[in-house]
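Can you keep this structure in mind? I'll have questions shortly.
Going in written order, the chains are labelled A, B, C and D, and every chain counts its residues from 1.
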Amino acid sequence: MQKVNFKTIVDRYETVFFDAFGVLKNHQGLLPGVLEMFQYLDERKIDYYILTNDASRSPLLLAESYQKYDLKQITEDKIISSGMLATEYLKLKVASGTLAYVGTELSAHYLEDLGLHAISIADVDLTLSEDIGALVFLDDEGFDWSNDVNKCVNLLRQRNIPVIVSNTDRSYPTSGKEVAIAVGALANMVEQIVGKKFIKFGKPDAQMFIFAYEHAVGQGGTVDKNKILMVGDTLLTDILGGNKFGLDTALVLTGNTLPRDADMGIKALGIIPTHICDSVAI
Amino acid sequence: MQKVNFKTIVDRYETVFFDAFGVLKNHQGLLPGVLEMFQYLDERKIDYYILTNDASRSPLLLAESYQKYDLKQITEDKIISSGMLATEYLKLKVASGTLAYVGTELSAHYLEDLGLHAISIADVDLTLSEDIGALVFLDDEGFDWSNDVNKCVNLLRQRNIPVIVSNTDRSYPTSGKEVAIAVGALANMVEQIVGKKFIKFGKPDAQMFIFAYEHAVGQGGTVDKNKILMVGDTLLTDILGGNKFGLDTALVLTGNTLPRDADMGIKALGIIPTHICDSVAI
Amino acid sequence: MQKVNFKTIVDRYETVFFDAFGVLKNHQGLLPGVLEMFQYLDERKIDYYILTNDASRSPLLLAESYQKYDLKQITEDKIISSGMLATEYLKLKVASGTLAYVGTELSAHYLEDLGLHAISIADVDLTLSEDIGALVFLDDEGFDWSNDVNKCVNLLRQRNIPVIVSNTDRSYPTSGKEVAIAVGALANMVEQIVGKKFIKFGKPDAQMFIFAYEHAVGQGGTVDKNKILMVGDTLLTDILGGNKFGLDTALVLTGNTLPRDADMGIKALGIIPTHICDSVAI
Amino acid sequence: MQKVNFKTIVDRYETVFFDAFGVLKNHQGLLPGVLEMFQYLDERKIDYYILTNDASRSPLLLAESYQKYDLKQITEDKIISSGMLATEYLKLKVASGTLAYVGTELSAHYLEDLGLHAISIADVDLTLSEDIGALVFLDDEGFDWSNDVNKCVNLLRQRNIPVIVSNTDRSYPTSGKEVAIAVGALANMVEQIVGKKFIKFGKPDAQMFIFAYEHAVGQGGTVDKNKILMVGDTLLTDILGGNKFGLDTALVLTGNTLPRDADMGIKALGIIPTHICDSVAI
């Protein structure tokens, strides 16, 4: 496929959905040209949202991680995270009772904001689990893997409760070339052991896109899907999900998909982006 | 779980989403009490929609299949089918070119209504496949399985085009105790052989529910998800999908889930309906 | 990885196991240099066997397909097919009764040789299925796919009988660049629909290798696994299976694995052959 | 299916293969009647072996765990463990270099007995991983899950080396009704994250049965598979594996398969044991 400059295509759209890691930032901070790109969008009055499979922090804290790099326009309402979908689900479906969560205290903020009683899986007493109404996977930190993932398995053997996975990613980049196991992989392992069906939120699932779409429309954005561009670095989540939702898609080569692998990946998977760009730099 | 009478719960909702097969009808026609149930909903001004993983006929023809049983209130706009999602996708993403389809001529109506040139896989000449822009699985009839499913595999080895599956079910009931292989199972087989990712529409995917939800809201229905009840006979599609979308759910025991298996299935899968009813009869 | 000439490595072994398609022959006949290679092995008194996931014909008929190309040394006892494993299983485990088979009359020879009554799935009457003791998938030809694969599904809903799959391949090359769906793919589809566990024979399963190994040892061959080389064109079957069984392995680039893809495939899958050769030509 | 007394069937066989957990012992020690049953087999000169998916200790130590209960006849040579298959593989395929292992120091004895240099994954320095020739999953204890399983993922991103899983079980019973995650589940999680194919040893794989069979034949036992009975408590490992290897099989109801679930499990999975017994008690 022919690569194009991001500037030459973005003008055609009224709204842009961006993936975060590998598109706008990496472990070392913002990617080159991202500041200027957002200025360009602001000048052209092109609206934008960031769609991220991240439930480790609130949208407010996620927004702050951009603002510290002088991206003042990335406010809380520009962030759509898979953690917000978990919150929405719990608000509608788990009205009362205690929630057990897998993650840090920071990640549990979603649950506590609902007025629910949230308890870390580390603090659950399996002999007194009768009042636990759901189990939520939020983050890969904040608990002892060996002890507490085993506790999840035994909790689910005792109690038939819904299990919510608020980040479906299996791994995420840390420093340099290394990755870390994400909470989605731990949740998959528990799901296979107990043989139940967990409720999972995150790209490429359509619910993530409809959440962003409704959010955009609610803030006066376009209702015409042909006027929305999804930009991502991963074929199996960003591009597949965007395509299926009916959006145009742009694959950038600054993250998971290396420049040398793009054509091969597109051909192997049959997931075809509308555009390919080296980066989002203008 | 305690079973409840459908009448005692349905009053709490403003809108009801029904699955079709095993809930409202089976191969012998309408299930007992369905006519009276819809009269009851009409009297109470409870709105309703039928959500079906069916792409073999248009909503108009699907509606006629109810009207012939004196269910005059089931009009075209009450039907939400997975075939409509395929149509929506193709309209947005495949603007021009020839589509190859797997199914009957009747099922191809979705494609032709878009003004696209649709050709049965049976009529595709693999030496002249350059103008084919997508492959769509619509129905399990209307083609020669051995010859034409092989043709799908070889078409996808030649051409990197999107593949749309408009019915994700693997089988459906036919006469008495027998089932038939549905087009979703054929599509899965081809997907595994060619190693690509197909774009699939149907319950339990959220897109089916959001499509129905937007449809209901657009016709003046409730926007409050707590006021919508999803009624189905299958845990893995109707109930899982409804739960995940944030709806209350009712499992009925007139179809796929036999009365003796309901408790076991709920426990084994961890998919928990809000209510269990013997049937939708009032 | 460094490529080596087949001649320079084969001398180190006392026995060679060859895959058939893509190694010794393709749809146009023997591959170049195969005749001379076998003469070389005979001169050096290096023993050899052909291990093939093929249940469509008897070892005798498979051997004849080599002999017609002047490979007189490929006799029946040099052939180890997955069909032979099915025969072995049925002989041990299904002592009596009628077997239903999916395949041609020619493929059913395995079953009839056991003195069992074999009936094509095409001729099975589902209302009289009580005497059917097992279902065997043999070949992708000889039956009507739509009608008879549906019949398999309904037979397995009626009767809890063992299902034997005697060729685990999903596709096989036919003419030029085209492939055909193999019976293993049809069996997988039925297995997923009915939710049961089928008994499958073929590479990379260890049983195929132990069958060949016992055969070789029984004919006076080496008992030292370090002296056996498995030669194949497919990482996921020939090389993975050979490695796991403790054999040295040689990947050749005349079949499924294209020269340009070999290094990438080895790295992506982590399946590492002992040697890589362009072909088996000496 | 009709249940039978173990005594009435065992007389027909010359050799019995037993699964360990849930058949002969559980977390509280030997199951009732096991001592007397082995005396009975000894009197009748029926040979026996224990086949266990356990790589946490050597056969010698595993044998001692029976001898302390006065089962003096369970000597080292009566034990066939999946750990022994890993040892066999490493001896044949990984002749030199350092092995990284996941497990306790006790479990590493298999590796050190080969004269190989074995290093715990906990002690691996990822910046100096060039000399590591393979990664072996042995036990779920002896390392820090969060830190060291992440280290496995990053080691496999750096180095294309074979990965051996010497216990394919996903969980095992501990105290009372609780289970613990087994090393097989951790290995599956890593395999899915890195996208490679691991080499796995344990039931239901045929290699476990052929290893036991060769062991039995080598010690003068029967070569007639019809004279061997596999006894297990798990349909998906013991019974499926035994059936496929051509053995008669007996399901006992003292472990994983509860008496109330046996018929349902057999029907749902289509895995049919030759016999069902309450226990191995005579």
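Assorted remarks:
Heads up, the rule we're going with is that a residue touches a chain if its C-beta (ideal position, glycine included) is under 8 Å from a C-beta of that chain, and two chains touch if they have at least 3 such contacts.
This is a predicted model, so every value here is computed, not measured.
Contacts with chain A and chain D are shared by no chain at all. A separation of 40 Å divides the Cα centre of chain B from that of chain C.
For this pair, chain A with chain B, the centres built from the Cα atoms lie 28 Å apart. Chain A and chain C have CA centres that are 44 Å apart.
Taken together, the touching pairs link the chains into one ring where each has two partners. Considering their complex, residues 88-89, 92-93, 156, 160-163, 194-199, 205-207, 210, 225-226, 236, 240, 243-247, 266-272 of chain D touch chain C. On the side of chain C, the complex with chain B involves touching residues 126, 140, 144-146, 149-150, 153-154, 157-158, 170-171, 177-181, 185-186, 188-189, 192-193.
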